[in-house]
Amino acid sequence: MNDRTPQAAVIGLGFIGRAHVEALRRLGIPVRGVLGRDPVSTQREAAALGLRPYFSLEELLADPAVTVVHQCGPNDVHARHNHESIAAGKHVFSEKPLGVSVDECAAQLDAANHAGIHHAVNFTYRGYAAVQSLRDLVQSGELGDVKYLRGHYLQDWLLLDTDFNWRVGAAPQETRTVADIGSHLADLARYVTGLEPERMLARFTTLHPERHRPLGTVQTFATAQGLTEPIAVTTEDQASLLVTYSGGVQANFELSQVAAGHKNDLELDILGTRGSARWRQEQPEEIELGSRDAQRVIRLKDASHPFSHYPGGHPEGYPDAIANVIRAFYAAIQGRPASAPYPTFQDGLAAALFTRAAYQSASQERWITLERGRDVRVSVL
Amino acid sequence: MNDRTPQAAVIGLGFIGRAHVEALRRLGIPVRGVLGRDPVSTQREAAALGLRPYFSLEELLADPAVTVVHQCGPNDVHARHNHESIAAGKHVFSEKPLGVSVDECAAQLDAANHAGIHHAVNFTYRGYAAVQSLRDLVQSGELGDVKYLRGHYLQDWLLLDTDFNWRVGAAPQETRTVADIGSHLADLARYVTGLEPERMLARFTTLHPERHRPLGTVQTFATAQGLTEPIAVTTEDQASLLVTYSGGVQANFELSQVAAGHKNDLELDILGTRGSARWRQEQPEEIELGSRDAQRVIRLKDASHPFSHYPGGHPEGYPDAIANVIRAFYAAIQGRPASAPYPTFQDGLAAALFTRAAYQSASQERWITLERGRDVRVSVL
Amino acid sequence: MNDRTPQAAVIGLGFIGRAHVEALRRLGIPVRGVLGRDPVSTQREAAALGLRPYFSLEELLADPAVTVVHQCGPNDVHARHNHESIAAGKHVFSEKPLGVSVDECAAQLDAANHAGIHHAVNFTYRGYAAVQSLRDLVQSGELGDVKYLRGHYLQDWLLLDTDFNWRVGAAPQETRTVADIGSHLADLARYVTGLEPERMLARFTTLHPERHRPLGTVQTFATAQGLTEPIAVTTEDQASLLVTYSGGVQANFELSQVAAGHKNDLELDILGTRGSARWRQEQPEEIELGSRDAQRVIRLKDASHPFSHYPGGHPEGYPDAIANVIRAFYAAIQGRPASAPYPTFQDGLAAALFTRAAYQSASQERWITLERGRDVRVSVL
Amino acid sequence: MNDRTPQAAVIGLGFIGRAHVEALRRLGIPVRGVLGRDPVSTQREAAALGLRPYFSLEELLADPAVTVVHQCGPNDVHARHNHESIAAGKHVFSEKPLGVSVDECAAQLDAANHAGIHHAVNFTYRGYAAVQSLRDLVQSGELGDVKYLRGHYLQDWLLLDTDFNWRVGAAPQETRTVADIGSHLADLARYVTGLEPERMLARFTTLHPERHRPLGTVQTFATAQGLTEPIAVTTEDQASLLVTYSGGVQANFELSQVAAGHKNDLELDILGTRGSARWRQEQPEEIELGSRDAQRVIRLKDASHPFSHYPGGHPEGYPDAIANVIRAFYAAIQGRPASAPYPTFQDGLAAALFTRAAYQSASQERWITLERGRDVRVSVL
């Protein structure tokens, strides 16, 4: 490492914050320190990771060695933290969502552009080599003209009414299933096809109008035990989205966090005039190609892609995808060619526009035309 | 065979008519004769099958030995033929659709009930043992309360604009993709869950507004060759259906006849409060069960079900499903207990109501409440 | 049907005999009558099938309308029945094994050839369209030079020591697992590759040296209930076979009837210098092609092959495979071109030679060179 | 990190050496420096990784901060390097094989035990959480008594005669396919079942007796380009192994490095008296359970196992398995409870005994009884 090597600090030490630390370390990027939920947990987690604890955002931002801030805190602090980090001249790699409204996201994009910093938002699934290959084959015209998209993102970690997460009680317009997982599917569709959503018809369903909130803090993917209190659920458990993309491409997306047996079942099937291509996150190294011929082709990991690090047959997974997105971001910071386009605040804004349209359509029971305050094309740096 | 053994005649000698002949023969049910498209082809096909040719419906219906008529002719003659067969006191096993409108279907149901004959409409997929098992497990409450349905029926035989079938130019309100394959998915959903559709939002898409019609006759699943003429396509290639079922159960169905690589890809995923169950027609002997547990259960063919005829591991397929539906129908005619409920004209009427609602919603771009002229519960004889 | 239409009689009314009746019927081949285990069961089964009962082989063979005898009786009567049928001038379609020794099989082949009758032995798996396609692609050189064969045939219907079948107590040299299911794998390998086995090293294992025989008759695939008596097991439950084929091609085959969870798991993987091709009986319409490229190709049913009767995506299975083999045999009888080569007594003899070598190797614990009394090349009529 | 935190140095900077560096970094274990093939490449690779270059083993061992040596160099230096590292009082984490002969391996085990250092040999596949679960379920008796093992390890990276690797020209008794990949399958079988191999019958095959060696250095998994010279191949491309384990458990293993389409296809199927369990490396988070019941159970990743770091549905793969083995080793060094038993030099010796027996059997064409110079039980620390 030399003086120009970027050094990182990580805000938030939950599941995803620790994943960032690990990814940074395997990439050989120095992690200066971490900022957790409160002094006690920060102290404890920092010690466990062998890292310096920061006890406030101010302290973190004041560290001149820190050139990149990783935002892995709770959703409701993303906007404020990101603005302060930008103001401090740091590059920002933020977890999604950028903010809880379109305006919050747009403001961050403006601030980042104005400050001239590098910015990224973690749509992790772009980090799979197969997603890159999928994009290449779609863009190369191998499928003919793309005409339809079929997709779903289904989970079951909120199946029971004793399952709880703070997102359950978010403001309805923030949405939950759409913002949490629908945004990933939407980004994947945009990234792979290069198409933008234009109209949407959404239906939201809430399986449990009331859930049992534990008295205490709950991590994502955890189930309530011990004492609980009833809480009215204000956000959707499930959403069906009919979307029209630019060029008249139609899409049908199904989202759920209460679909028993579906763990992290994200799938996108792209149907063109000559062929189709399907990718499944739970089988992330394969693309299934369909055609009129009496055969199905399973395209395996392209071991020569920079996002691949092992030969064929040696499975690479979710932690590798995270590392690949971070790797591409740091390449941009260092002025090296990125191995693939990474998602930026522009893509975070696109997700906010998508989420807002879904909420509007579902609550008004009608088709909504997506507003486009500014150019939200997929960022290709 | 004795005097009371039913004997069959088959109208229509295309792909599905020949399948009926074969199924009847393997069941040991005597086939008296067949009626084809015209005298020449009737003569030729009857000879090839070693069967008596009938040269008119009148001649067929006048044969006193014929007690059951199998209707496998073109869709537009189903209603007239079925009425005449009923009037002649024959039992009727009809291919779907019963008719091209709700009224046509309702009239046949009335006539059949009035005449007291046995009637069936061929929703073939009920004939798989696994579909019967799926119904049993749903009805037994093994999944908890059913809350959502995800389904699709995707084919690719009309992918190219040189692919042609007479259904392409049907009246828009008859629909094509919904009537042809959506009706199968709709029947499957009703049969397995016992729920009735109440509201629907449909979106239709036509990939090719113009296709090339060959000058001459074309069989189903065939591609045009030689001279063609342009024909305006009046029916949908693809349809997305959001449906609300009785009890507030929501469904999202995707239908297409232009989905490259999807051959006969019918799938239904039933999501309940305790588990989910998924069935795929192309893997017809398996049911995939999902739950919150860290395991997936693949339930194999129940070799003890009357619809199973071979031990586990010996695949039974589509021809066996047809034979099973026919078998159940003849058991009813003979007063023996049917091995499973078979689809009747009542189910044919339900399909017409579903199809009409889809057309109305897609053409009016709004939610439609399904009318219910009469009780259309799944027939359980 | 005319005077030259062959008419069949079926000996044996167990699982497989009834399957023959059904297959003959769906092919439109008249079944004259059936001969069962004893007069009482013959009477009952014949009535259920609507067929004439024969009460002795003599009576059956004396029926001049019967031109083809289907041998589906117990293994130990195959040789005697087949000889008498040949002597009566009937064509013979025999279940495997032809006989319990090489000599018995060779004698039948000689007699059949001398009499000039048509003969077949039911290696059913040749009846799958995909097996025909597999043969074509291997023979066409698509895989380069074939170098290795990997295969297995695993079942679990004899897993428990309370599972019983008369084959369990056969003479050791008759073998059980090798003769019952190994012979199918051996025929499949010979048929698809055109190679003959030359040397073999076999290891036999008996999981249960003693089993519980029910006091009464037991059908294949049935489990003992009620009173039982202990019986010493003289035949192998499992066998590993290393085989060298002509041209130095090596094979490794694993056979078991006690492999929990494997129902009828027959698989053959053919490895060549340019590619590999794998076929699995439980997924019978697919061939998986492997190559050095980063892709796997799943070749689907060739719907244009005469063994295919339905479009892609409409599964055809085991009953269809049986019917296809029978269809090819009757085409030969009628002097029509067979849709594909069917297995003859020559192939039955090849199976006996294979079985004998396995027994010799396992009992002597050494490599055995297969004797070849006569040309046993795969029959291609 | 404190004074007691172990610090690592890595020898060898090929594919696997870089993987060690990455794994150590993500675990937060300081990497002091690296030693490559020659000064030039060492300098270059060390700079790329931001690490200190060592220019000799002596220099590396003389660094007092280094407490653990990772041996990722060529096979023929493993023994010498490991001995010197042990002599210097370092803990040793060695790639397999420990040595090219049984004696070399036994000597290292003795030296390590005598010196009291911690030692490990990298049988990576133990690092999958599912392999740990598989072991637990086998040991718990869930399958009944284990009776058979079916396994294979198939690759295709040496399919063509222009594929080259220095292992191709190793001494025959070192073996290639058995030592390289057979040793992994053998360790997996021992680890999961707790059984030791006692007798073996092996058959070796060499597909290409001559290969084309490039003039220059070739990395593993690379194909020769440019100028080449012919080289006689002295090692096996493929091996079939019949093995008898303790307690009379039989196994059939197939190994190949020339199996087209099989990338890193390691599979083990454990057959017991009550059920079977199958694990496939290319689908590493699933265990397929078979039983006599008409169902198959796919057990998914146990997200609560210490080797799992992400929730269900978030795939973890090969890099994670390596990190898990290393993690367990460092836990032992630090006196913390290891998350699971890791493979030690004792297991490296067991692999050498297995390899030697395979070579002896194949070259002598007879059954070989494995010698056991010392207790080689699976190490469970």
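Some points to look at:
For reference, chains read A, B, C and D in written order, and residue numbers begin at 1 within each chain.
Operating definition for what follows: a contact is a pair of C-beta atoms (placed from the backbone, for glycine too) under 8 Å apart; a residue touches a chain by one contact, two chains touch by 3 or more.
Predicted model only: the values in this text are computed from it and were never measured.
In a homomeric contact, the two copies may use the same or different surfaces; for chain A and chain B, over half of the interface residue numbers are shared, pointing to the same surface. Chain C maps onto chain D through a rotation of 180°, based on Cα atoms and reported in steps of 5. Taking the mean of the C-alpha atoms as each chain's centre, chain C and chain D sit 42 Å apart.
As a whole-number value, the distance joining the C-alpha centres of chain A and chain B reads 42 Å. Rounded to whole angstrom, the centroid-to-centroid distance between chain B and chain D, based on C-alpha atoms, equals 55 Å.
Within chain B, the positions touching two or more other chains are listed as 262, 296, 300, 312.
Contact topology of the protein chains: fully connected, every pair of chains touching. Here chain B touches chain D in the complex through residues 294-303, 312, going by the rule given at the top.
Residue ranges on chain A touching chain D, taken from their complex, read 1, 5, 15, 19, 22-23, 25-28, 49-50, 155, 157, 221, 262-265, 281-284, 300, 309-320. Taken in their complex, chain C has these residues touching chain D: 143, 147-148, 150, 152, 156, 159-160, 201, 203, 205, 207, 238, 240, 242, 250, 252, 254, 256, 258-262, 271-276, 288-292, 296, 365, 367.
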